[in-house]
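As written, the chain order gives the labels A, B, C and D, with residue 1 at the start of each chain.
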Amino acid sequence: MSLSDRIKIAKRVAKELKEGEIVNLGVGIPTIIPDYLDDKKVYLQSENGLLGMGPTPCDEDIDMDLISASKKPVSMDPGASLFDSSDSFLMIRGGHIDTAVLGALQVDESGEVANWAVPGETILGVGGAMDLVAGARRMIIASMHLSKDGSPKIVKKLSFPSSGTRKADMIVTEHAVFKFLEGKMYLIEMLSDISIEALREMTDAEFHVLEKNKMKTN
Amino acid sequence: MKKQLNPADAMQYIKSGDTLLVGGFGLSGTPLTLIDELVNSDKDNLTVISNNLGEEGKGLGKLLVAGKLKKAKGSYFTTNRDAVKAWSKGELEIELIPQGTMAEAIRCGGAGIGGFYTKTGAGTKLAEGKEEKVIDGETYIFEKAIKGDVAIIKALKADTLGNLIYDKTARNFNPVMATAAKVVIAEVDEIVEAGSFAPEEVVTPHLYVDYVVINQYVKKGGRYVESI
Amino acid sequence: MSLSDRIKIAKRVAKELKEGEIVNLGVGIPTIIPDYLDDKKVYLQSENGLLGMGPTPCDEDIDMDLISASKKPVSMDPGASLFDSSDSFLMIRGGHIDTAVLGALQVDESGEVANWAVPGETILGVGGAMDLVAGARRMIIASMHLSKDGSPKIVKKLSFPSSGTRKADMIVTEHAVFKFLEGKMYLIEMLSDISIEALREMTDAEFHVLEKNKMKTN
Amino acid sequence: MKKQLNPADAMQYIKSGDTLLVGGFGLSGTPLTLIDELVNSDKDNLTVISNNLGEEGKGLGKLLVAGKLKKAKGSYFTTNRDAVKAWSKGELEIELIPQGTMAEAIRCGGAGIGGFYTKTGAGTKLAEGKEEKVIDGETYIFEKAIKGDVAIIKALKADTLGNLIYDKTARNFNPVMATAAKVVIAEVDEIVEAGSFAPEEVVTPHLYVDYVVINQYVKKGGRYVESI
């Protein structure tokens, strides 16, 4: 998983976010998205109880009682607000987060996501993943195209435990951007110079290709 | 004034076998002093409801390695390898619950609500065996309210009545836990006169708080470290 | 309903409240209880969102955005706190109010209370009555012994709509104090100089009389 | 900055037949300016969910006599004789709900909770036809979450992002209503710069608020009176 691939994915997701949106960023690639927003202002919600999360503070300003959901020190933007966990998940589950950008272990061709558990491994953590999947108005999956062992992450049917019946709206990988429209998965954009055939080979899921003149290529 | 206790004296309100609600998200907003007292006490067989089990050797992580825990219920234990180990050896029961469901269930426990229907987790492994209900075309699962015998929470300051305010994101689960246990013990950095907080500023009104103890840790470089 | 009877009832209930208790006072007689607490400090909760309700302010300090549940101007004691309606009823329903002192249209001999609706009349208000009945740790009924038309209010069985299955702990009228113990109603104290026989005549409910040497008489 | 509207322009977000959540306890914390605009608008057939219907000829009481209401759902209408009269004549539907159940149901509507089990009202006329459930030996009744098409609420101040703070007990139902409607319009006395409120001070975070209008009433002798 090269840094340039991660940056490519983060940049492409950043483009998708709209000025003024309320955004919750999952662990991994999503956390670097704020570095690529240029002048666009979005408001970051952190499920441990903060709206208006700002950048990492300098060393002398670090306070471990002002942290992100990944337990990293953060700062607060002007107009930020603090609240308890029940109010934070009221926001999340109640549909008040415009966009959640999450990593995934698998996504299937209907958009169903698996992002909390690996079969056969000890499952001792779920955190806020299922709440975000259930509640965010739009769910964008930001993920490498293949898993570390080279197997497809975008699959016909989930073999990993589902995070919920609510489907993703979009997937961004280092190779391509997919959207889900009426339950079907469409390739809408190429982000690398591989062929669509090569993409199909590394994608277990069936996907449709948006009409050529509407699709962007790298 | 609300009864101020030495941390050691607070232990009389906790019994072996009790279910404890313990505030904190990782180590932030965790009652570290009360946990240390528990580690040194004779209490065991405890069930802890808390988002995490602290970190390895810190916070609730200490209570775990001291062998005081029978069961942990919370949302995320993976990062504490001691917890994973204890679970693998069958020395610790673990019940996983989505973070938002946990917060809501504890709030309901404090609110006289018996249970509720949430969208979170519907159709997943964590919903297995749970009642489903379709409301306005959407599928929800039933979750029962959560209550504890004792809540040990961490706030920034108490006033002499027991009103509490919290430090930034150290608030997390503490305010809901303060509502949902028979006995509530708040660990605070400082006690100020009643009337020092504006009525709008109070996060936990004093009627929720039974006892107050003073935190024995000091903050250095932005994190609490043992004072000795 | 004479003022002196109302004061007698309020004074007797005031005696029952303990230093430091959290108390919610219903409309009518309960509202005058704070005048008879002497040096005893109790904390008044008002269901529209205030703990630590203080006395009626002087005219120039009246602010109709600081009111009681009866919509009368009030003040705040030191250490008061403000919250919204959902948090206020979390307190009430969740068992965090030590004592609710409520008026009643009827109470039956098991302690079941009717305090919101009159049969045959238009029923367009319930307010917070049922929440208080369901949730307060202790419920004291403060009421005149007879209704305005002279009929008994303390009855065998409610003929008015019930406010909930949760029973009262105590009734204080201008004539007597009753307690409910193991589902039975006991006369524990006389507050006027009528005979117990006369009291029985104006009380439809069956009540037991606490052993003579344990009972207080006027 | 959050879109500031003239009160008249706010009317475009309300349609005849809509269900409105309207803040206030009696007249305190009621969006009087927005209600006046509604009275003068062409909207009708409205369902209003609010604790009361204001007072006779004041607040929501005006909307009632203007014939704009089809139905009112709330906890206490008895003191507004116009409401009793309209109901007796069959001109107004009324649905009574205990005050705490109403607050909780609206909070659930905003929180992605489909419904909940409450002790309040179990065994009473208001529970007739409602599902019962025994949880840990106690009887609860099912209440469905409440949502609105539009919420019109009253706050003391907004900042330019739309964060809100409230005036003392004028807070009441406003914060929960802000979470539970598709469109939320907040009437405020004043708009201040973002960053003017401490993060601990914000009661309604800006993500809940769509539009802000300035209250046209002034406060005299402790109550809002029409400014003209």
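Note that in this section a residue touches a chain if its C-beta (ideal position, glycine included) is under 8 Å from a C-beta of that chain, and two chains touch if they have at least 3 such contacts.
In this text, all values refer to a predicted model and were calculated from it rather than measured experimentally.
Peer 1: Which number of steps is the smallest that gets you from chain A over to chain C via touching chains?
Peer 2: Minimum step count, chain A to chain C: 2.
Peer 1: Would you say A-D or A-B is joined by more C-beta pairs in contact?
Peer 2: Spelling it out, more C-beta pairs touch across A-B than across the other pair.
Peer 1: Among the chains, which has its CA centre at the largest distance from chain A's?
Peer 2: C
Peer 1: Take the average of all CA coordinates in chain A, do the same for chain B, and state the distance between these two points in whole angstrom.
Peer 2: Here the centre of chain B sits 29 Å away from the centre of chain A.
Peer 1: If you average the CA atoms of chain B and of chain C, how far apart do the two points sit, in angstrom?
Peer 2: 35
Peer 1: Using the average of all C-alpha atoms in each chain as its centre, how far is it in Å between chain B and chain D?
Peer 2: Chain centres of chain B and chain D, defined by C-alpha means, are spaced 33 Å apart.
Peer 1: If I count partner chains per residue in chain D, which residues reach a count of at least 2?
Peer 2: 104, 107, 111-113, 118-120, 168, 199-200, 203
Peer 1: What positions in chain C touch 2 or more of the other chains?
Peer 2: If we look for residues of chain C contacting two or more partner chains, we find 50, 76, 82-83, 89-90, 92-93, 134-135.
Peer 1: Mapping chain-to-chain touches, which pattern fits: line, ring, star, complete or other?
Peer 2: Graph shape, chains as nodes and touching pairs as edges: none of the named types, so other.
Peer 1: Please list each pair of chains that are touching.
Peer 2: A-B, A-D, B-C, B-D, C-D
Peer 1: Taking the touch rule as given, give the residues of chain C at its contact with chain B in the complex, in rising order.
Peer 2: Counting only chain C, the residues touching chain B are 22, 43, 45, 50-52, 76, 78-83, 89-97, 134-135.
Peer 1: Looking at the complex, which residues from chain B come into contact with chain A?
Peer 2: For this pair, the touching residues of chain B are 25-29, 51, 75-79, 83-84, 87-88, 94, 96-104, 106-107, 118-126, 139, 167-176, 203, 221-224.
Peer 1: Within the complex, which stretch of chain B touches chain D?
Peer 2: 104, 108, 111-120, 133, 135-136, 138, 140, 144-145, 165, 168, 199-201, 203
Peer 1: Using the touch rule from the top, collect the residues of chain D that touch chain A in their complex.
Peer 2: 107, 110-113, 159-161, 163, 179-180, 194-195, 197, 199-200, 202, 205-208
Peer 1: Quick check: in the complex, which residue numbers of chain C touch chain D?
Peer 2: Its residues touching chain D are 46-50, 61-67, 71, 73, 76, 82-86, 88-90, 92-93, 117, 122-131, 134-135, 161-166.
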